[in-house]
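One chain, chain A, appears in both complexes that follow, with chain B as partner in the first and chain C in the second.
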Partner chain A sequence: MDYAIVVALQIATGVATLVIISLGLAVVFGMMRVINLAHGEFLMLGGYSALLARGAGVNLWVALLVVPPLAVGLVGAIVERLLIRRLYGRMIDTMLATWGLSLALIGGVNMVFGNSISGFSAPLGSFVVGRFHVASYDMFLVVAAVVLSLAIWAVLRLTPAGLLARGTMQNPEMAAALGVAPERVYAVTFAAGAALSGLAGGLIAPVAGVVPTMGTAYIAKAFIAVITGGAAMLAGTLVASGLLGTVATAVTFLSTPVFGEVALLAVAIVLLRLLPRGITGRFLRRAL
Partner chain B sequence: MTLGRRDALKSVLLAAGATLAAPAIMRHAALGADPIKVAGIHDASGGLDIYGKPMIACLEFAVDEVNAAGGLLGRPVELINYDPQSNIQLYTQFATQAATKDRVAVVHGGITSASREAIRPILRRFNTLYFYNTQYEGGVCDRNCFCTGSTPAQNVQKLIPYILEKWGKKVYVVAADYNYGQITAKWITKYTREGGGQVLAADFFPLDVTNFGPAISKIQAAKPDAVVSALVGGAHVSFYRQWAAAGMKKQIPMASTTFGDGSETVLLSPEENDGIIAAFSWFQEIDNPANTAFLEKFHAKFGARVPYIPPELPMRTYIGFNLWAEGVRRAKSIDRMKVIAALESGIALDTPAGKTVLDPKTHHCTLDVFLASAYGHGFKVLQTFPQQPPLDTAMVCDLKAHPNTNQQFVVDVKI
Partner chain C sequence: MRTALPIALALAVAVLAALLLPRLLELFALINATVFVSMALLALSLGLVWGFGGILCFGQTAFFGLGAYSYAIAAINFGDSTAAVPIALAMPTLLALGLGYLMFYGRISDVYMGVITLTTTLILNKFTNSTAGDEWRIGSAPLGGFNGIPGTPPLNVPFHPDIPLDPEQVFDVAVICLALCYAVAKLVLRSRFGRVAMAIRENEVRAELLGYDVRLHKLGLFALGGAMAGLAGVLFANCVFVSPTMFSLSYAGQVIIWVLVGGLGTLVGPVIGAILVQLLTTYAGTLPDLDPNLLLGVLFMLAVVIVPLGLLPTAQAVLPRLRRRVPA
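Take a look at the complex of A and B:
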């Protein structure tokens, strides 16, 4: 019984991790249709900003939850102003530019911090489930995923800013005709997506460690989650993460982490074969 | 090994790649002209840099020491360091470059067993002497190759009986998923069974795995008396973090065949380190006059760069170079076969790690082994086992009787 609970908790952690690393991409790609191949590097910058803040003696929670989104949000705003802004609607060019950006960021961080893994320990200790000890930070990740998803939903659905963002993404000309400046909405949305990616980097840093090339381990998973999710960016990402994370963690329990990864990819391929427009292309079509 | 068309093509491509490769860091000695070239191939970046950096420092230290004493055969030693960046392809490329372009007298290097098995055949083919200075899973039998680190009969065989007696008979193994981890898990299983214990399960993890949550839950479900880790590299350091974060340190004790080698005790906090048991052929903390003198000189030179020298690997690199240098002095030549013959004449060195004797039959070392417990940011030495011969390799390898052997023997144990 307690083993079942522990497996369920680990699956929840696996799903939550997938949600956390995908949300920033869901906003930038799912909403704005900008293929940001530097998403993984935004995570990496988030991890490094948390590490640096921690090293500078900043309070742990501030270093994890406040510094990374601010720092990477700022980077996102600059990147949008200098790079992305010129390339809206030019998907292939955007891919090329953001891929270049990704390489430049990896190289830059490599030069400054060196190509080695650093990290710090997860806070919160552990709790007991029957015969098992579980790291409390895993549960914190689950809570963080839920809170982040709710916050994004609330902002988009309940606030005027969210309405403007959704409207502008749907029809920029009409939004402009109604007196909204689309470029400003785009800029803010991109920066918000970057901030979410940064926060994700900060959140996973204590678990995974920080290294300049860490983004490559996450970007594929994030794209898989967002794309198999389909058109409804939030609902799609959540459903896809739920499905893929569950399969990957369950298979990891039954065999090894290698087969867990294999299972995740296999499920994604089957899903896209059956539902080429993503899960929300068929189900939950009216969701956000 | 037969040289097929494909292999020939591959080596041509490698050689071509090598000439285009990034320039290595050259260190010119201050002595006269015509230096003896020595190559070091160690990862100075990437996931394995936690091992490579201290090894490079110790190799530089050893070379400088020999040069300060007048060099070898009246010639200075020039060290050429290559950084394969934790990438096996670069290992083969740099080994080819060292052998064919730089024509070095000897190559010291290779950290993981995967990298050793990548460059060992290349150096043999190009008739370039090779020293592998890492503790590893044993069994390499190749007259061109000298393995100066400890092997399972020397370290695992000390570790396992200790934990079986101290903690209990049920053992759970977590290991890196490549030849070192797989073969070491077999040795752990062998010695556990010989000690009347039982290996409940062995889980293997690729070097880039960082999430050990499910693994830690599986271990708890199996309820072992002890966990033995043979995890490798920077990513796997997460295991020890997550183990401590899950509160497991107080529940199940841990021993390791690798913990500490990558400066884990420096990267982690004392709470995460304390009590993990390891067995190696050298710890910075061992107490003898030669070691004290070595540390004083070393820290004076590299103080900030390598504040704590992790166990085994850097010291074996230092000793490996000195064994080769002794071979050259005895051979009065850097010719490969003459040096091999001299090294097979029974060389013994008094080193900071105690006496090291090079065994002519196996090209492995008889050395002192120390059992230690992680403590603070270093280790506390618990027991000493003087002059342990490389019995595992000696069972299967006799280069005196069969000098043309060229293979790695693997222990036959089912987990």
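Take a look at the complex of A and C:
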């Protein structure tokens, strides 16, 4: 019984991690059709900004949850202004440029901080389920994933800014005719997506370890979760993360983490074969 | 004539390179040159599939790595590379046929196709990474997990396993292979099959309404690209060795970069792109106090913003204009 509970908790953690690392990418790809291959490096920058803030004596929670989104949001705004803005509507070129950005960020951070793993010890300790100890921080990640998803939903659905953003994404010309500046909406959306990626980097820093190349471990998974999700970015990413995360964690328990990852990728292929437009191409079409 | 001339040129350049470079370069540089040629062939295969078939394949390295692994395993088991090479061409072709069937007959479109191909190569990466230990061996060839298969046997004179090729000869074989593959690609594109494939790239719906089987043409081109990438893998395995890195995300990304830098929609462009970028990467690796990734990354960003079409098409557009300015 306690074993079953532990497995369930681990699955929840796996899904939550996938949701957390995918949301930033989902916002940028779902709203702007920009494939940001530097998403993983935005996570990495989030991790490093948390590390620096902590080193400067900032409170741990502020360092993990407040500093990374602000820092990486700022980086995102700069990147949008200098690079992404020139490439709207050219999906492949954006991909190439952000891949270059990803390399440059890895190289730059490597020169400044060196190629060594630094990290935090996960806060909050652990609690006991029967014979097992479960890290409380894992449960914090689950809560964080839920809160983040709800927050994005609320901003897009309930605020005037969200309405403007959704309208601009659907029809930029019409939005412009109605007096909204699409470039400004894009800029803010990209910065917001970057901030989400940064926050994700801060959140996973205590469990992942911070290295210049940490982003590469996540980019493929996040990318696959977002694409498998399909057109409705929030609902799609959540459902896809739920499904892929469950499969990956369950298989990890049955065999090894490697086969967990292989199972995740294999399920994504089968899913796309059955639902060529992603999960929300068939189900939950009206969702956000 | 429009096909014969480029093919003759390519073969001439290849023969010239095969004769001259082994005399000019030192052994280490020559082996490096062979690696570049194998990468150029990989880029050519993606340039064919993506630039002319419009098939966005993020995972061309799946065929590259599979070709190399098949070659190494077969060559170790047979003790002779004669049969290993056809096997190394057949395995990636079969994978391309299977994957292509799944994608084209499932009517999966661009971005999703990219994800599926990328995912395939990542699966192979994870899988080969986990094959350390004695239980993972095929015949007498251990798969070696993260370390790969260090002792990949070199190519030998067909049916004479006791006469292995030396690095100079491997280089010659590589250059000739590249030129021949270029010729094959050129001829295929000139044929009826190739023209239909290009028509599909331009407008899939229209080609289909005109009665062409879109799925079959894409599948054929994809399989040809897979076989070429497999051959590139064999050449690569001959000068480096076979390891899971061949399936990694960074390799998969690099191939795309080569093609885009050189010029999508050309065959020579990807070859030039691969060699230039590799030269640059090697050079950047020798610079002190500068991380090569930083330099490369900045250059790619600049390349996208300044020469978005790729080097070759940009040169083709710019050169005639310059010539016109000079009064004859």
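Everything that follows uses one rule, which is that the second predicted complex is superposed on the first by the 288 of 288 C-alpha atoms of A that agree within 3 Å, B and C clash if a C-alpha of one lies under 4 Å from a C-alpha of the other, contacts with A are read in each partner's own complex, and residues count from 1 in each chain.
By our rule, a contact is a pair of C-beta atoms (placed from the backbone, for glycine too) under 8 Å apart; a residue touches a chain by one contact, two chains touch by 3 or more.
Quantities reported herein were computed from a predicted structural model and do not represent experimental measurements.
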(message) On the A-aligned overlay, A:I117 touches which partner chain: chain B = first, chain C = second, or both, or neither?
(response) first
(request) Would you check which partner chain A:T252 touches, where first means chain B only, second means chain C only, and both and neither mean what they say? (result) first
(request) Report for A:I219: first if it touches chain B alone, second if chain C alone, otherwise both or neither. (result) second
(message) Between chain B and chain C, whom does A:V262 touch in the aligned arrangement: first, second, both, or neither?
(response) second
(request) Tell me which partner A:L96 touches in the superposition: chain B (first), chain C (second), both or neither. (result) second
(request) Could you tell me which stretches of chain A are touched by chain B in one complex and by chain C in the other? (result) 256, 258
(request) Spell out the residues on chain A that touch chain C in their complex, using ranges where they run on. (result) 35, 37, 83, 86-87, 90-93, 95-97, 99-108, 110-111, 216, 219-220, 223-224, 227-228, 256, 258-259, 261-262, 265-266, 268-269, 272-273, 276-278
(message) For the complex, give me every residue of chain A touching chain B.
(response) 3, 6-7, 10, 13-14, 17, 114-119, 121-122, 124-128, 131-138, 206-209, 211, 217, 249, 252-253, 256-258, 260
(message) If we count contacts the way the header does, which residues on chain C are in touch with chain A in the complex?
(response) 56, 102-103, 106-109, 111-112, 115-116, 118-120, 122-123, 126-127, 129-130, 249-250, 253, 256-257, 260, 289-301, 303-305, 308
(message) Help me check something: in the complex, which residues belonging to chain B touch chain A?
(response) 45-47, 49-50, 85, 177, 203-206, 208-211, 213-218, 220-221, 223, 234-235, 237-238, 241-242, 244-248, 251, 267-269, 272
